[in-house]
Structures are given as C-alpha cells and as structure tokens.
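Written out below as structure tokens is the structure these notes cover.
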Amino acid sequence: MRISARNQIKGAVVDVKKGATTSHVRVDIGGGQVVTSSITNEAVDDLGIKAGDKVIVVIKASDVMIGVD
Amino acid sequence: MRISARNQIKGAVVDVKKGATTSHVRVDIGGGQVVTSSITNEAVDDLGIKAGDKVIVVIKASDVMIGVD
Amino acid sequence: MRISARNQIKGAVVDVKKGATTSHVRVDIGGGQVVTSSITNEAVDDLGIKAGDKVIVVIKASDVMIGVD
Amino acid sequence: MRISARNQIKGAVVDVKKGATTSHVRVDIGGGQVVTSSITNEAVDDLGIKAGDKVIVVIKASDVMIGVD
Amino acid sequence: MRISARNQIKGAVVDVKKGATTSHVRVDIGGGQVVTSSITNEAVDDLGIKAGDKVIVVIKASDVMIGVD
Amino acid sequence: MRISARNQIKGAVVDVKKGATTSHVRVDIGGGQVVTSSITNEAVDDLGIKAGDKVIVVIKASDVMIGVD
C-alpha cells in the first residue's frame, strides 16, 4: 500500500516498550535522530515490530508543527 | 518554552507555500529527508517562517505511525 | 508497505475537491457510509487519486472518538 | 451536541479493553468492518461504554489518510 | 450526542474565515483566551457556524501537549 | 522555542496520573475549566511535570473541533 501521508522516513527500531494497551517504539532515522511513536500493542504484535527491524516512520503533514528558537 | 512533544528535529526551511488559509512548509532535516508541515497562514506570519530559516520540526509521539515493507 | 494504523477500510472515491493547498476526498466505504478525508493536494497528485478509484481509508486508533446518543 | 467532525459512523461496541490509563474500544460498523478507538479510561467510565452498546464512531476529516494498493 | 473527547469548553464564535476548502473559526472561551479551530468549510456550513454563536470547543486528550517556560 | 500551534493557554497542573506508558495530566486553565492532556511518561519525567506547576496547554488548530448544542 502507498499512503497519502507526506512524511515517510526510513529507520531502524531501537527499542519497543510495551504498556498495558499502548506501546512506545523508538526509531533511529539517522543523523543522530531518534523518533518516538506511540501505537497500540496490537499494532506491534500484528506487524511483529522488534528492535533492529527496518521500518518506516509515517506522519501526516497536518500533525507536524514548526518551532523557532 | 519546552514542550512535551517527544519529537523535535532541527532543520532548515526549503519553501513555504501559502494557500487561502493553510500553508505547507517543507523542512530539510538532513540526510536527504524533507518533512512537510501543514499549518495555518497565521502561524507562518506570526513566526515569520521563510525559506532558509533554521527551525525545529515538532511532532507528538501519538501522531507517529510505523510502516513495514 | 503495511502500516500500524489499526483502521484500514476499503472503499471507492466519490469525488475529490481541490483547494489552494488542501484537498477533500470523499470515499464510499459501503453500507451507505461516506468518509471525508482532508489531505494535501500533493498527496492527491502523487497517488493520482480520482473519482472511482479503489482506495483504503486509513485512520490511527488514537484519532477515533466514541459518541453516545 | 452536534459536532463539526465530518465522519460519524453508527456501530455497536464489540469489546472494551482497559489499560492503566488508556482503553481500546472496538466498534462493529457493519459490512464486516471493526473500528478500533483509543480513548481515556475516564471517557469509557463517563459514557459508560460497554460491549453491545450502540455508539457512534467520530473522526475528524484531517485525521483520515488515503491508501492505494 | 455525548462524546468521549475529554475537553469540551464553552465559548462564543469571534469570527469565521473561510478558505478554499478549510475554515478557521476563532472562539472566545473567556478569561481573555481565544481558541482557533481549523475545520472543513462543509462543517461550517452544516452547523451554520457564524460570529456570535454559542459553541463548544472539543479537543481529544491525546491532542493536548504541555509546555513549560 | 516558539511554536506554530495556535492555541497556547496558561494554567496550573491539577494532577498527574501515570499509567504503564501513558500519563494523563489535568491542567486548570481558569474560569472553572480543566483540560486533560494525554502524553508519554517520558515527557512527564523529562519536563518534571507535577501538581501545582505553572504550564502551558498547547493544541494545534487542526485538532480543535466545534460543537453546537
């Protein structure tokens, strides 16, 4: 499937922390940047996401803000 | 201000495309990656965002999905 | 690509209304239900979305609310 | 209350899984489709959501993506 | 309809600015605070939202961030 | 950092409820209004958020809906 979300960044899973219903997946996207994703435990199990996996971080453009120092 | 959003990635504005009410801001975050942000025209004007500016892309962890090829 | 978003519903595009930067895509998911999606014009062009196309409506679980009459 | 969210789909609660702070509510919207919603435990308690209840799945248009196979 | 979204704040519409597909609605919630909402033109028309109307600002808890100065 | 999010409302933390991975932070924004925020435990720890703290509630305009009674 190709998806409309404008932001699709390749990376590697650093770790997966499972909670009661919600997991946090951290993905190294290179350049010293780690992105944190909060998804359901079911999604983690369904896709079989685990440390070391090659994945794609997907973010809809309307969920991206801009900050200025 | 420091903010709870887990994902804060430094980059440089590539371009700003203004619509009637909504702007699209593209930010080069390095490594050949460009992130697209959809924000209000008011935000662009208020922060004075323009091509070349150093900015920070800010994304809440609950808005990040994971894809697997 | 397979994606972590829990909600992936097949449907057919009813129409695409393009604005200055943002498009509204309406998708018939069957059972008399039409879902409206607000995405960037770039996404519409990139995926070549047009009326009649078979598509998949994708929604992250954390973006779904529950109402009670 | 009537709400601006464009997507309001009737269904019946399949099950509610409560976590430490976050619940997952699965709703059968007909046609073999089940939608998963991630909401606070407080919302589940406040609305008294339980299996079998008739509910309405509510999704803002800007949270809907389009996928193409 | 009652809705699971935890944040429902009463206010009065200050103004509505319609774009090509997206409107910005500003709502005075009292205490000198004005909240900006970005919704579809269709939602504005469907609910008949106009300056002076009593409305309720609705925000899902997972869309609220915390900042610290 | 200044941020593009249009809604930034000052308040005081009422309480923080930590779950396994996700925390709920309730913030009194005055006028009898309490806003609930769902963020990661890591964000709570990183910013040191606790009851009584002066904070700023931050919400992107595209995440705000309008209800009408």
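Note that the chains take the letters A, B, C, D, E and F in the order they are written out, and that residue 1 is the start of every chain.
In the analysis below, contacts are C-beta pairs under 8 Å (C-beta built on N, C-alpha and C of every residue); 3 or more make two chains touch, one makes a residue touch a chain.
Here the structure is a predicted model, which means the values were calculated and not measured.
Undergrad: Where each step is a move between two chains that touch, what is the least number of such steps from chain B to chain E?
TA: Step count on the best path from chain B to chain E: 1.
Undergrad: Quick check for the class: compute each chain's Cα centroid; which one is farthest from the centroid of chain E?
TA: Between chain E and every other chain, the largest centroid distance is to A.
Undergrad: Work out which of B-E, E-F or B-F repeats the contact pattern of B-C, with more than half of the residue-numbered contact pairs in common.
TA: More than half of its contact pairs match B-C, so it is B-E.
Undergrad: Averaged over CA atoms, how far is the centre of chain B from the centre of chain D? Could you give it in whole Å?
TA: Computed value for the inter-centroid distance: 29 Å.
Undergrad: Taking each chain's centre as the mean position of its Cα atoms, how many Å separate chain D from chain F?
TA: Roughly 23 Å separates the two chain centres.
Undergrad: I'd like the Å distance between the centres of chain A and chain B, where a centre is the mean of that chain's Cα atoms.
TA: 17
Undergrad: If you look at chain B, which of its residues touch at least two other chains?
TA: In chain B, 1-6, 8, 19-20, 22, 24, 36-40, 42-43, 47, 49, 56, 58, 60-63, 65-69 touch at least two other chains.
Undergrad: Chain contact topology under the given definition, line, ring, star, complete or other?
TA: Basically it's none of the tidy shapes, so other.
Undergrad: Can you give me every chain pair that touches, using the contact definition above?
TA: Inter-chain contacts occur between A-B, A-C, A-D, A-F, B-C, B-E, B-F, C-D, C-E, D-E, D-F, E-F.
Undergrad: So in the complex, which bits of chain C are touching chain D?
TA: 3, 5-9, 24-25, 27, 29-31, 33, 35-39, 43, 47-49, 53-69
Undergrad: Name, in rising order, each residue of chain C that touches chain A in their complex.
TA: These residues of chain C touch chain A: 1-6, 37-40, 42-44, 46-47, 49, 56, 58, 60-62.
Undergrad: Going by the contact rule at the top, pick out the chain F residues touching chain D in the complex.
TA: Those residues of chain F that touch chain D are 17-20, 22-24, 36, 38, 62-63, 65-69.
Undergrad: Write out the stretch or stretches of chain C touching chain B in their complex.
TA: Within the complex, chain C contacts chain B at residues 1-5, 19-22, 40, 42, 60, 62.
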